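Below are structures written as structure tokens.
Each of the next two complexes has chain A plus one more chain, namely chain B in the first and chain C in the second.
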Partner chain A sequence: MLTLQILIDGFAISSLYALGAVGFTLIFGVCGVLNLSHGAIMVAAAVAAWVFAGTYGAGPVGGALGGVVVGLVVAYVTYGLIVRPIQRSRLIPHEEKEIFVLTSTLLWGIMIQEAIAYFFTSNPKTVPPVIPGVINIAGVRTPTNELLTAVVSLGAIGLLWVLVNGTRRGRALLAAAINPRGLTLLGFELDRIYLLVWTIYGLLTGIAGVLLGAFLGVSSDNVGTLTASAFSIVVLGGLGSVSGSLVAAFVVGYLETCTAYLVSPTIRTVPVLLLLVAVVYVRPQGLLGRR
Partner chain B sequence: MGSRTSAWTRAGACAAVATLCVAGMTGGTARAADPLKIGVIAEESAISGIAIPNGAKLAAEEINKAGGVNGRMIQIIEYDDHASASDAVRAFQRAAHEDHVAAVIASYMSEVVLALEPWSGRLHTPMITPGAASDNITKRIKEDYDHLKYTFHGYMTSTSIADIVCDAAKDMLVDKLHMQTAVVMSEDAAWTGPLDAEYLKCLPKIGLKVLDHIRLSPDTTDFTPIYNKIEGEKPDVIITGLSHVGVQPTVQWQQQQVPIPMFGISSQATSSTFWKDTNGAAQGVVFNMASAPDTPVTPKTIPFAKAYVAKYGIDPGYAGYTAYDDVYMIADAVKRAGGTDPDKLVDALEKTDYVGTIGRVVFRGRDSEFPHALTIGKGYITGLMVEWDHGKQVTVWPEGVAEGKMSFPAFVKTKQSSAN
Partner chain C sequence: MSGRTLWTGFLVALAGLALLPFGVGGYVLGLMTLAYYYGVFAMAWDLLFGFAGEVNFGPSFLTGLGAYAAGLLNHYAGWPIPACVAAGAAAAVVGGVALAVPALRLSGPYFGLITLVAVLLLQNALVLNAGFTGGEIGLDLPDVLSADESTNYWIALAFMGLSGAILFGLSRSAVGLILQASGQDAVEASALGYNVTKHKLAAFCISALFSGLAGAMLVFYLGTASVGTVVDIAVGVQVIIAAVLGGRRTILGAAIGAIFLIVAGELLRPLGQLSTFVVSAFALAVILFFPGGFLGILSSRGGAR
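Let's turn to the complex of A and B:
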């Protein structure tokens, strides 16, 4: 019974982690951007879904869609207002741009966090579940919403896989991750590819935020933890490696769940951090990293 | 690079000097107007924290409308401590040194108040906390009265709250529903140390055997493993001690349909936004409060709650009631002390006998076990148990003032519901 409970809970949380981390790693792999406002975008999407569903009476589905749209809009603003001006700036030396992007996205994330706390308080919000109720799986009472979280997360990742491997634009996206210069020489506009990546990123992060809001609830205080969690998964899997992030998300999700159930919920994240330290020592490129 | 740095240094120095000049000028102007300044340090983004400045401002407006305190208008100066003890200490220093407040009303977090307590003593600035609960606040006053006498505990101590919850549990759970076992589930924080110690003492005395004692991290987001463990132990009730967390354990309790009722302390549930924050998952959650918007604990309770709703659009969180009372008590003490001399103000506050929104406030004396704590009991402050029922907070205990009957959601299985 306990094993099945761990399997179900671990699966749901791992799928959600995977969805949250895939966008983060994609944007690094293709655009070279470590977006430290990642957690803030997730929380913005979740809080927006809560506001649309509750205050504006849009209902659970309308709220969820509104949340995803807000996630996408905040991602565009992050790109247009924060990242792109730095990348195109002639005043910032090329070798310093990465650190500028890192710092500015961190500060941008704090600004979003403070704005959410100011307008909606730092009290946690929970997005109403699209399908409420529980299902009994071999004696384990599982909220339907938890299963929906896993299905939607893996579905979104599946769609991404189809897009990347099955379409010309998707392959261009992969190529941009490997050799952006070569791609430009072939006549592709890098700007359009970047915009596509940020669109995918915004949608994935928006969906992840709304699902997290419905599954566990979010607060503006969670911004740092969510970014750190995505960052840990991506480093563990190998920076820029989407498949590495997927594997790492499941390792982290199950390790945390096993710790919470078998040892203590209080030290849930400790073994993951120890594993991260060990991987950084032994295999700095991460589990499936290229170098 | 060097010249750019020095330019920045010069610009920074000029800005600092300008800021100091402006601050000095502002200070001078404020002294000339001579208002009675009260500092309010609170966690303004938190649900329980924002009620503190809101309640205080409402009281100040009322007092000012009635002519102020000996002709002096009350000015509330707000500081947001962002739930950080170090921010709160800086705010306290600023309140005392630069804004020259007569007294401070501070925080619902015990960690913050415990950090401010020595500063209240060092800077000779009287301070009342409207919401922190740790017994250590007053224990320290007992140990070092001469230095720490400037601090007053304007809310019930953790031990008192635990006793009230036990009294209510005896009437409502043991006598009426024949419950026999409980699991104590509290967050790991300064205020829950003495709370849990008292729970573990008083619950067995009323006939509830404690099967487990869970202290959860305030950072917990997934409560599934905790509920899973508790369900495996088959208690009749979960006795709670929650303040920093609240929405998430409540929503997950409802979403996972944990068949055990929750009863005890849930500070976030005291605010009317809790219903909306939890999308109604709060239905059937029973929690302790000193006052509730529907219950005339004193003739002042309901008018205050109505005025608060009219001004802010939501019901006051628990610390809103006490912060409102605290401003009146400080104003009253200033009148009796004939000014704002800190030692005279402390003397006057010690003699407080004031009927506020939460009951009759009389601080315990220097010789008691908890000096400057509220006197609890019949004729003073008794506390209530309130339940969320279809979007409303309904008082369900004690019987004399109860406005409704306790009822749990359908997924909660009590012995009585199983028998039916």
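Let's turn to the complex of A and C:
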């Protein structure tokens, strides 16, 4: 019974972690950007879904769609207003662009967090689930929404896989991750590829945010923790490796769930942190990373 | 800007700030005292980032170690303040070396993540052992530096001045140049015969020493050690933003940035929750349009003249 409970809860949490981390690793892999406003974008999407569904009466589905759109818009703004100007800046030496992107996206994340707290308070908000109700799986009462979370997360990642491996544009995206200069020589415009990556990133992160808001609830205070979790999962799996992030998300999800159920919810994150330290020391490139 | 102008400006500013207790009230003094300790945090961070080129996401790991080592010794063993501060600095250096020796084998994001995880682990350890460490509420200390606001202010100012002079002097010395070379092109620096790892480790130790000292002094000023003031990720974020805002690779700029952040946050307090938003937006604008930070703006003006 407890085993099944852990299996089901762990599966839903892990799928959601995977979705949250895949976007983060994608823009690192292709654009070389570590986006520290990641958590803020997720929370913005979730809070938007809550506002649309509640205050504006758009209903659960309309709210969810609105939330995803807001996630996408915030991602575009992050790219257009912050990341792109830094990448094109002549004032910033090339080798220091990384730290500038880190500090700026960090500040941007704080701005989003504070704006949300100002307009919508920092109280926890739960997005109304698209499918309410409870399903009984072999004696374990599971909210239908929890299953939906897992299905949508894995479905979105599956779509991404098809896009990257099955279409010409997707393969160009993969090529940009490996050798951007070679790609420009073949006549592809990098700017358009980057825009495509940020679109995918915004959609994935927006969906992850809305699902998170419906599954666990969010507050603007979660911004930092969410970014740190995504960062941890991505490094554990290997920076820039999408399949590595998937594996790592499931390792982290199940480790946290087991700790919470079997030991104590208060130390939920500790084993993950220790594992992370161990992996980074022994195998800095992560579980499935390439050097 | 030449070293001489910077030294002169630094001394003039210190002399001017030393007169502050004669003109303003206790509230402003308290604020500035806090800002000076943050200034030391930021300068110590800049030595590691600006010169050694290592992005330490967890400056509050080092300050927290120093603060809690000093606080616990004072609370439980009743050690006098100087011994506690020395022990706090020693704890930060030992912890810093334990973190740096393996972590320096890593680079870029990996080093950053490990330092971030170190903070989270320390924070968890402190909160989970709340019975011993005081947890989220904080650990109250029997001793404080001084009950007098002006004395506290001068202690903090002198401490920041001395730390600034040592760190700035170091950054302008031959060692500082080697560090800078190691940070910008580690391969070439080692090809020239410099031991890059040894220099970076030394930078980490010095950074840890000053972070630990400042952390320990800060808790004796506040009279309490709490996770929120010395360990929390938000503290580390403030330090990083201060250093980049003031002008990276300048040491003194980091202190200016820290003082600016604290004072601006206070001036904008009437805005309520929006104050953090405004300060962050301003810092972001400076970073985007003037990547050299405050000191960068000043020195480019000076160059044009």
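Simple rule for what comes next: the second predicted complex is superposed on the first by the 291 of 291 C-alpha atoms of A that agree within 3 Å, B and C clash if a C-alpha of one lies under 4 Å from a C-alpha of the other, contacts with A are read in each partner's own complex, and residues count from 1 in each chain.
Everything below uses one rule, namely that a contact is a pair of C-beta atoms (placed from the backbone, for glycine too) under 8 Å apart; a residue touches a chain by one contact, two chains touch by 3 or more.
Computed from a prediction, not measured in an experiment: that's the story for all the values here.
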Checklist entry - Which holds for A:Y118: it touches chain B only (first), chain C only (second), both, or neither? => result both
Next on the checklist: Just checking: does A:I99 make contact with chain B only, chain C only, both, or neither of them? Give me first, second, both or neither.
Outcome noted: second
Checklist entry - Which of the two partners, first being chain B and second being chain C, lies in contact with A:G80: first, second, both, or neither? => result neither
Next on the checklist: Looking at A:P143, would you say it contacts chain B, chain C, both, or neither? Reply first, second, both or neither.
Outcome noted: first
Item to check | Which superposed partner A:V235 touches (first chain B, second chain C, both, neither) | outcome: second
Checklist entry - Thinking of the overlay built on chain A, is A:G155 touched by chain B (first), by chain C (second), by both, or by neither? => result neither
Checklist entry - Given the touch rule stated above, what does A:P129 touch, chain B (first), chain C (second), both, or neither? => result first
Item to check | Partner chain in contact with A:T266 - chain B first, chain C second, else both or neither | outcome: both
Next on the checklist: Taking the stated contact definition, name every residue in chain A that is touched by chain B in one complex and by chain C in the other, in rising order.
Outcome noted: 117-118, 266
Checklist entry - Across the complex, what residues on chain A touch chain B? => result 2, 5, 9, 13, 53-55, 117-118, 121-129, 132, 134, 141, 143, 145, 216-217, 219-220, 222, 225, 257, 260-261, 265-266, 268
Checklist entry - What part of chain A is in contact with chain C in the complex they form? => result 34, 82, 85-86, 89, 91-92, 95-96, 98-100, 102-104, 106-108, 110-111, 114-115, 117-118, 224, 228, 231-232, 235, 239, 266-267, 269-270, 273-274, 276-277, 280-281, 284
Item to check | For the chain C and chain A complex, residues of the former touching the latter | outcome: 49, 55, 102, 105-106, 108-110, 112-114, 116-117, 120-121, 124, 128, 184, 233-234, 237, 240-241, 244, 248, 272-274, 276-277, 280-281, 283-284, 287-288, 290-292
Item to check | Parts of chain B lying in touch with chain A, wherever the complex brings them together | outcome: 45-47, 50, 83, 188, 215-217, 219-226, 228, 245-248, 251-252, 255-257, 268, 273, 276-279, 281
